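In the part that follows, the structures are each spelled out as structure tokens.
Next come two complexes, and both contain subunit A; in the first it sits with subunit B, in the second with subunit C.
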Partner chain A sequence: MTRGHGIGTFTLAAWTALVVLFLLLPLFVIVAFSFNDSDFPSFPMRGLTLKWYWRFLESEELLIALWNSTLVAFATMVLATTFGTLAAIGLARSGSRTQKYMRPMLSTPMMTPRLVVGIALLNMFNLLSMQLSLLTVIVGHTVVAVPYVILVVTARLVGLDPRIEEAATDLGATRTRVIIDILLPLLRPAVFGSALIAFTLSFDEVVVTFFTTGTENTLPTTIWAMLRYGITPEINAVSTLTMIATVALALGAEVMIRNGGVHRR
Partner chain B sequence: MTIVTGKIEPMGTMAAEHGLIEIDRVRKSFGAHAAIDDVSLALGEGHFVTLLGPSGCGKTTLLRMIGGLETPDSGSIRIAGTPVASFSPIDRPTRMVFQSYALFPHMTVEKNVAYGLQRRRMPDAEIKTKVAAQLEVVGLSEKAKSYPSELSGGQQQRVALARALVTKPRVLLLDEPLAALDLKLRQRMQAELKSLQRSAAITFVYVTHDQHEALGLSDRVVVMEKGRVAQRGTPAEIYHRPANRYVAEFVGDISVLDGTVRGTADGGARIETAAGLFMASGPAVRPGDKVHAIIRPESVRVASGDDGTGANRLRATVGSATFRGADMLVEFRGPADIRIQTSIASTAPEAAAITPGHTVTLELPATALWIIPADRNANASESSL
Partner chain C sequence: MRTGRSGSVPLLTPATAWFGLFFALPIAAMVVVSFWMVTDYKLVPTFTLANYTKLAQPLYLSIIVRTFAIATIVTILAALIGYPVAYYLARRLKRMRVFVLTLIVLPLWTSYLVRSFAWMLVLGTSGALNWFLQGIGVTDEPVRWFLYSEFAVIVALVHIYLPFFILPVFAVLDKLDHRLLEASSDLGAGPWTTFWTVTLPLSRPGISTGCLLVFIPAAGSYVSPELLGGPSVLMIGSVIAQQFGLVFEYAFGSALALTLMLGILVVALGLLRIGRVQGLK
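Presenting the complex of A and B:
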């Protein structure tokens, strides 16, 4: 290895470290301050404490928000995964022209700014005279999450040999049986993975929630409201917990989608 | 594969056969491409029928239409008198074996094989017995609990066969089932397929682009070209009595003499070529017709003596010789740049005399020199590359 090569490698490594630091430093700051024994987020840290976490657990407002968020995320997960998976299967089986026009249309909510999606939903709910509640939040989140499910499930569908479905049909399976016996088991990793993505999307969602919720608040909107009084250590504690939960879910989704190639029980 | 040299078997009577599968004026297009262009065929019950042709000739499309996986644009396909489209999924008498095997990767071998029986709502105990018996037939009893990904290509192929055969179809459709296997395994599976077909006494419709496979396995061969049937017949008919140059070139090596009919005789004709007059056999022709006279390498004889003027003889010079183990493929050049391919057994006494530049007398027996009308090969040369 030449010396020039060594310097190049070192520069690249240093640059990479810098980028990683840039990406992760803010998160480290939040985690650090959530354990800081001080009312104000400032260095140097005055000592370690878990009291901000206890305060979160004692706050009725935050616990209700957590419950609302979980409820909404769970409902969104079920709805978006069901609709998205069926849509992906339907799309894969439809003609090339249908696919050409339907695929961009179905991914529009993913491309559109959330702000626009939120305003559009609010308009629609007003038009339908629907009372804003957690239900309308669930509808809104489902609209946002379905395109992601379609995307993930479609990617897996494309990798499946279409002859496998034909073989099942050839052996006497009806369309429904092909879906139940063949497609769903083979799509399972993608379906579960996209379910976790839908859950995470909903759990983190602020903008659409802001427009579609009534009097109830979810965890992100509660935190948003609390920020009016500045960043409190409590917020750092809640954010740290949220971060751990969503990172775990996202990693779980990735593992599921990636390990999909192994055909075992 | 055994080919009777020089001797021509009586012409088959395929058209008169009672057709289990009757294909009537079927057309099928994909976009602007006509995959099947007006095909009519009757395939007899209990036969091993091969659809043979290069890729893109429409053979797989035809197979998939027989199996109900594609629908003809026009025309009809009937099996035992019933249109394919009107069978319910369970009553359809055909079953397909795919080139990719298309096993269910999330099910064990046992469950793969049981799937068709479960769809027929057979009692579990009966399914168990039948699956075990079928796995025994294909020699995979000890792999019953394995997953397809744990099996070799040949074993996966056997599972695919078992899965189809256990449902007792009248017709088994096979789409290049051996294409993914290596040569040795392919040869062994060919033998197994043939004996399976015999013992199960069901009709096999087999798609391949491999002429050796087609000739060796089949009772009947249908040679296809660009969505049409180029010829159908027994393997011997296809090989020794090709209807046109496309078929002749697709199913083996040939040498061609271009000529004009000068006289006809019973079952043959006298043909004037650049290398002289030759007696040849073949379909009825009229004096003055332009024809090709073709001959297979193994039918050409190296004659003793230097006399190149006798009946069906010509003087030719050794151009090149390719040693192939059991025999040598020798290309001779005759008068007017006529090229004649000959295969000579390595152990034959005349093999020693085969050195480039050496001139010998070749005899093209009248029974092996086959006449093909020249106007039938309009597109043969381009498709036979």
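Presenting the complex of A and C:
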């Protein structure tokens, strides 16, 4: 806060507050309507009810979708975290030439519209006459999630002191030992954090799922299909639940990634 | 960490193999298929440019133009709305910074489907916005063009991708050497001059990354225009999806998807160039 500001801090603060409201208010509308005692989501709200949540718990279709989503997200998390973490370590240890080309290459799925990722896979599976199922969904989600894992783990690797590894090597540790005993424990917060990112990314994904799934539906594709027939209050309840679940995971990831600094000393 | 070069290959293998088999190969297959044709709902290997010449039809041209126009408007709006926020967070806010940043990142963790759907509730004729405007007496009748319009699509896309602009700009502004700003004002520049001649040019890498992160998904968006655009606001994503989902025109769909990617690539390279041109560092 030195002298003379162009625009007053107050103006900027007010603008920021408005933008935060703009970002959050629409989400609160969903939450509010999920408790609204009316078949049609319109203001003013009628009264409070939990019946849309009960509807969700009674709907076999939605519960199966929830199970499918969880299954896919878990598998994606395991695959993407493993591949991404190994790749991040591998990239950090390879020569600058390899890094220069491999880093941007491995991150292209992140910079490609999800729609293109989805239909490109669909097109290939179709050419190979492969059966679409939750397995093909997991394949697609993993493609999208790996770059995020690489990004997060790399950020942590950069902050590590290379002398720790050198010391271990000097003391006779093999390369595998160094990774298992030294690097992975040091990387743990970033690995767990990126695992949660991969999980939520998969849990929320619609477009890739829509094009790579067979007859099974996940929660987002079920919501997507329901929305085609108009807005029903159950959608608000389901959306609220998924928001709570993913935001809880997100805060977990935040805490893990940030607390990573504590172990570093 | 720069030691042991040979050991990196097995570590990179799983990710690279997955990338090659399930990203690079499918894209390559799409390139090939875009030169094929479809007869009786079956792909026929051949070499034809018909799928690309079809793109020149006024209908598809107008959709392509609309898509890139909407993505450009969304990017510019996100920049204008997001820059002051990033600036405030990085240069003026101290104690509440992490809290406000968390609030800005929070929506990113909810699905873009849910966020698009939220705008149906806000912008509809009986939605929150119309209720509010009628309540304060701005309008007697609900405004119809809020939903199922380009306006709705643009609002939702700005909402969904705005954090992607704020974060990289914040990161750059946060690391900005404040001695440069002091030097500028010591040399007699007013706050606005300092902003235009020092702060803004130095935040260019963040702005270009931010624009990229907004433009790419906005140009390729499918869910938001489908839900909020109505039948008259077709974007290229919906047309691509139709080719694969409804009409089994995989060859034409592939050509459309590649055109989209090519367009995005051109814009991305342009933005990266803008971000890189920088004397310092």
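By definition in this document, the second predicted complex is superposed on the first by the 252 of 265 C-alpha atoms of A that agree within 3 Å, B and C clash if a C-alpha of one lies under 4 Å from a C-alpha of the other, contacts with A are read in each partner's own complex, and residues count from 1 in each chain.
The criterion applied here is as follows: a contact is a pair of C-beta atoms (placed from the backbone, for glycine too) under 8 Å apart; a residue touches a chain by one contact, two chains touch by 3 or more.
Keep in mind it's a predicted model, so treat the numbers as computed, not measured.
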Subunit C versus subunit B on the shared subunit A, clash or fit after superposition: fit
Contacts of A:L171 with subunit B and subunit C, given as first, second, both or neither: first
Which superposed partner A:I182 touches (first subunit B, second subunit C, both, neither): first
Partner with the higher number of touched subunit A residues, subunit C or subunit B: C
Subunit B versus subunit C as contact partner of A:P44, first or second or both or neither: second
Partner chain in contact with A:A92 - subunit B first, subunit C second, else both or neither: second
Contacts of A:L134 with subunit B and subunit C, given as first, second, both or neither: neither
Nearest-approach distance, in Å, of subunit C Cα atoms to those of subunit B in the combined model: 8
Contact residues common to both interfaces of subunit A (with subunit B and with subunit C): 166, 169
Touching residues on subunit A, where the partner in the complex is subunit C: 1-7, 9, 12-13, 15-16, 19-20, 22-27, 29-30, 33, 40-44, 79, 82-84, 86-87, 89-95, 98, 102, 105-106, 108-109, 111-117, 119-124, 126-127, 139-140, 142-143, 146, 150, 157, 160, 162, 165-166, 169, 175, 200, 203-207, 211, 220, 223-224, 227, 231, 235-236, 239, 242-243, 246-247, 249-250, 254
List of subunit C residues in touch with subunit A within their complex: 1-5, 7-12, 14-16, 18-19, 22-23, 25-27, 29-30, 33, 43, 81-82, 84-85, 87-89, 92-93, 100, 102-107, 109-115, 117-122, 124, 126-128, 131-132, 159, 162-163, 181-182, 185, 190-192, 194-195, 212, 216-217, 219-223, 227, 237, 240-241, 244-245, 250, 253-254, 257, 260-261, 264, 268
List of subunit A residues in touch with subunit B within their complex: 161, 163-164, 166-174, 177, 181-182, 185-186, 263-264
Subunit A-touching residues of subunit B, taken from the complex the two chains share: 67, 69, 89-90, 92, 94-96, 98-100, 102-106, 115-116, 119-120, 147-149, 163-164, 167
